[in-house]
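Could you have a look at this structure, given as structure tokens, before my questions?
Each chain carries a letter (A, B, C and D) given by its place in the written order, and its residues are counted from 1.
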């Protein structure tokens, strides 16, 4: 592969354009050479802005010989199809979460990737690249808090885009805790449960908010996640891992401390994109460097699959009102 | 009643002697005039130290005419009997938690107190007098965090006395969260559940540790309590009330901040008696002042009863593995 | 002396009445038996409220045989005279700071007390009884931050009573840092200096505000004190001792932490009396216990003298614009 | 200028090589095309590593037509000469601090740059690009703390390279506070003073440590800087701006909070390069973007000059023991 990875981007929405700018201006090892979007005009606009190729379809973009790697930031339902297409074409693909809509689709992707014998897929779980979570992982692995027993976490949002629904509390919100918790604990999940709780008057629509989600791992660790999909006082992400000998907590992002009006205070961010902007830069930089070394080493199709199965179990539990078992396929050796 | 309340103390163990010193030297409105203990010698020692009466039995102490109010700090199983005796004698009684061993005993106490037509009993839930919890209560009632939806709390201990058992995680440890949570939320419980979690190698004995306890209120609020009965890094009490518009958290006790050895740190207390010593002073001072005004206004027999019923439900849930309903008798008007 | 110390109080202003209530209701070892005030009616009001003796003058109060100890909370200029009178009468006296208006008066008090051969006088530097400062002292003496090199401190006030003047920034405000700093460092001062700084538009009157005060000790330690006499955002007291191996800082008083409105905050107190109310209780309790043991062991006439000499040097430095030497008399052995 | 700025780097020491990697791999708008070093072999090593030109001298590098901008990271005494050479050649130059060894050299550079009629020079005061300082600047300019009156700051180091000397406490350490304080306050200095303080046994060599430096601005603001050149517990940078209505403080870098061993703690960095690594990236990225827009907009030769004059005044004050006036030339309009 050339020293400069030529990337094709499918999906030119807000996050897509943000990633294109990142790949163009922030990540030295990457250059975007082609774009596509279900809604042609937005692809054309981006193509003109950067003077790059505009493809009629994602399939066409994937097929173009100069495209060495593909970034999928299109609408969720289209992710799995494009990822499979990339695998068929033997091209690297970075897919924003979720990897797919169903566990079946994820398994299909895994089978296809395994058939190829090597990793091509990376899923966009950017929190693993946040300095705070990375430092927590390091502290846990150092053994200084002993064996991890529990995680207490919360994910609080101020608002959601129109068309939000109850299930999205899992598939678009808690999915981050689903991934980061098993990554921090280095174990797989055994059960998932959603617990009912008093609802907030600040909810914008007719979905359930807040929800409390509980996960257990095969070693018996228990994770609780308070999910406020909207109406919260800020975009606030909290996580504490409780070990036998101590705890480590995700730090608040560094913020200027003010003393005024008989109070001491610091601001909390209001938007996920501010909160994790540095993590995105680190994520894509690591992805590019890994590709130059031959293969992605970040979150894999397996991680996308586990997130999907776990999400299904949480949604089912919300309906059955009891904990649901999480059954995973045999883990292929390439992961 | 005389300006100085003459108190008889039943139970001269460690906590009993501590309270006697408090009533003698710290609380101006009280004077201890008589003591009793199942183990005579310890009562005699205290009686000689202060030059006060030593009674052969608690019943004798309660019967003595000069005793205006009784403090019960004897072994848990004896609490209910002494409290009933005091009610029969029409005397004020301050009973360390638990009020009784069973809900039935609590109901008997309530019926006896109601029959008398006025409050005589106060139960020793001292956390309500901790400045931190009091400030949280005030913040909640001010409305600044909106309607409370959840409480996340933890109760971590470094060790337990010999003879500890799994049930005590409820009746001697979580009982404090049982009382303080409903006091903060000003609601009654609907269900209780104990959730299994990976066990700690630091546990001193063959009991379950940690345990996670979940409570819901009639308005749907959900309380989670992480209980580490022993083996924890410190005596650490954490509590966050999550409202629709914000959260309030119990502050760490004020402690000197040190910067040394490439770290910034402050000490955490190791012992519950240090942590709540000021609360005990405030509690007994408030109790004495209330008695001088005619009746106790602190935690009542009703609160002791609810704690007992809730504890029973938690213990049952640990066996059944599912949430158990909390059914309470009709609340008498005197409470 | 009787187990219950009979105290006479000279000065029935706001702070005087507060202390009287404290000695009556909070400190078990003390009882106020007589009061006096330059303005008779306020003494009469207090005397009636408690049903105690009202004396025509402080001298008469000091002379009364039943008065075992005297508390002086009258106007500053009258302090020295009453203290001398108490020493003549061989009675214990607790004098609110300042001990006197001039170093000469202080020396006279010291000579009189030394002539009597034992300590009778305690000066009301209550900060030494604040848990935070006490913990800092302990940390320093433990050696964990090495030899102390510097103190950075600030004393910020929201307002001052009418009649305030520039010199009071030293005699009524910084006097607390003058005492606490040498107590923390366990050394005497060598020089004092006031440094000019940009003035605040929030100042209520025509005095200098803020002022920066610098002190050096005989071992070369340097203390800087930022003094905002009024117009500050809160009543905020900060102190950091910098040692060779680390620093210790005075903690903020424990306060509930709130997350709301995209900020995390805790309240800061607005009034010195809230901030140090617990220190006052501890201070008078320790004073009473010490008297029952035969003599006061808190801040002495010597400490009052050093504060006075240091204050004079600071005020002189403000006029000369340069550091002024601090010359102390030989320290008598009783201190 | 080409979209990709071709940079020549003079000085291939540790920091030089770090910057070269940064310009090559992190900053998309720059490419290093040539290097030089007083010690040929280190330049050769870097040149081979990147396959770029190795020049015999800095002058030769500056003269090469393909070199569009020069980065000077050579030994301090050589800075001024190379900067003047670049100005003569009409090339942009980024010079690590200090800009020069003497105020005279700085004035010469300013005159040369002014003669050219536009800015070519940027000085490497990277703290202006630290997110914390940037947020403080923003908070001050928002007016939320009122007019700034004071800055309390400290600069604590764990160690210094061999050959360190007392003056370096100003020219290599406090120089950062000299620049950042006037940038935060947006005012020029009036006086400078060094105050003696008790010395630390942890000092590695025979220089003065710690030192306290005081600066005043034309509007009367006062800045105190505690400088520990070495022997401190960590690399700790603290800064609080005190305004009429409140204060803002530089936050500690975000760090995982641990509770273990009866303490709550977070780590403090030990090395300036960790602490400000992100600021370096932002600094060079901003420099490159500004050059592509036609001219540098970061710290100027004027800022380098003021730092030099202020440093001279501090060093003089250390010898005279009194405040020294800071006299600046007329500020040219291009700055």
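Here is the rule we go by: a contact is a pair of C-beta atoms (placed from the backbone, for glycine too) under 8 Å apart; a residue touches a chain by one contact, two chains touch by 3 or more.
Going by UniProt, the chains are A, B, C, D = Inositol 2-dehydrogenase/D-chiro-inositol 3-dehydrogenase.
No experiment lies behind these values; they were computed from the predicted model shown.
Considering the contact criterion stated above, the chains in touch with chain B and with chain C alike are A, D. Set side by side, the interfaces A-C and A-D show unequal numbers of C-beta pairs in contact, with more at A-D.
Per-chain CA centroids place chain A at a distance of 45 Å from chain B. Mean C-alpha positions place chain A and chain C at a centre distance of 59 Å.
One finds 38 Å separating the Cα centroids of chain A and chain D. Looking at chain D, one finds that residues 233, 245-247, 252, 259-261, 266 touch two or more other chains.
Residues 24-28, 131-132, 135-136, 139, 144-145, 245-261, 266 of chain B touch chain C in their complex.
Contact residues of chain C toward chain A in the complex are 233-234, 236, 252, 259-270. Only residues 146-147, 149-150, 152, 154, 195-202, 210, 212, 214, 216-217, 219-222, 224, 226, 231, 233, 242, 244-247 of chain C touch chain D when the two sit together in their complex.
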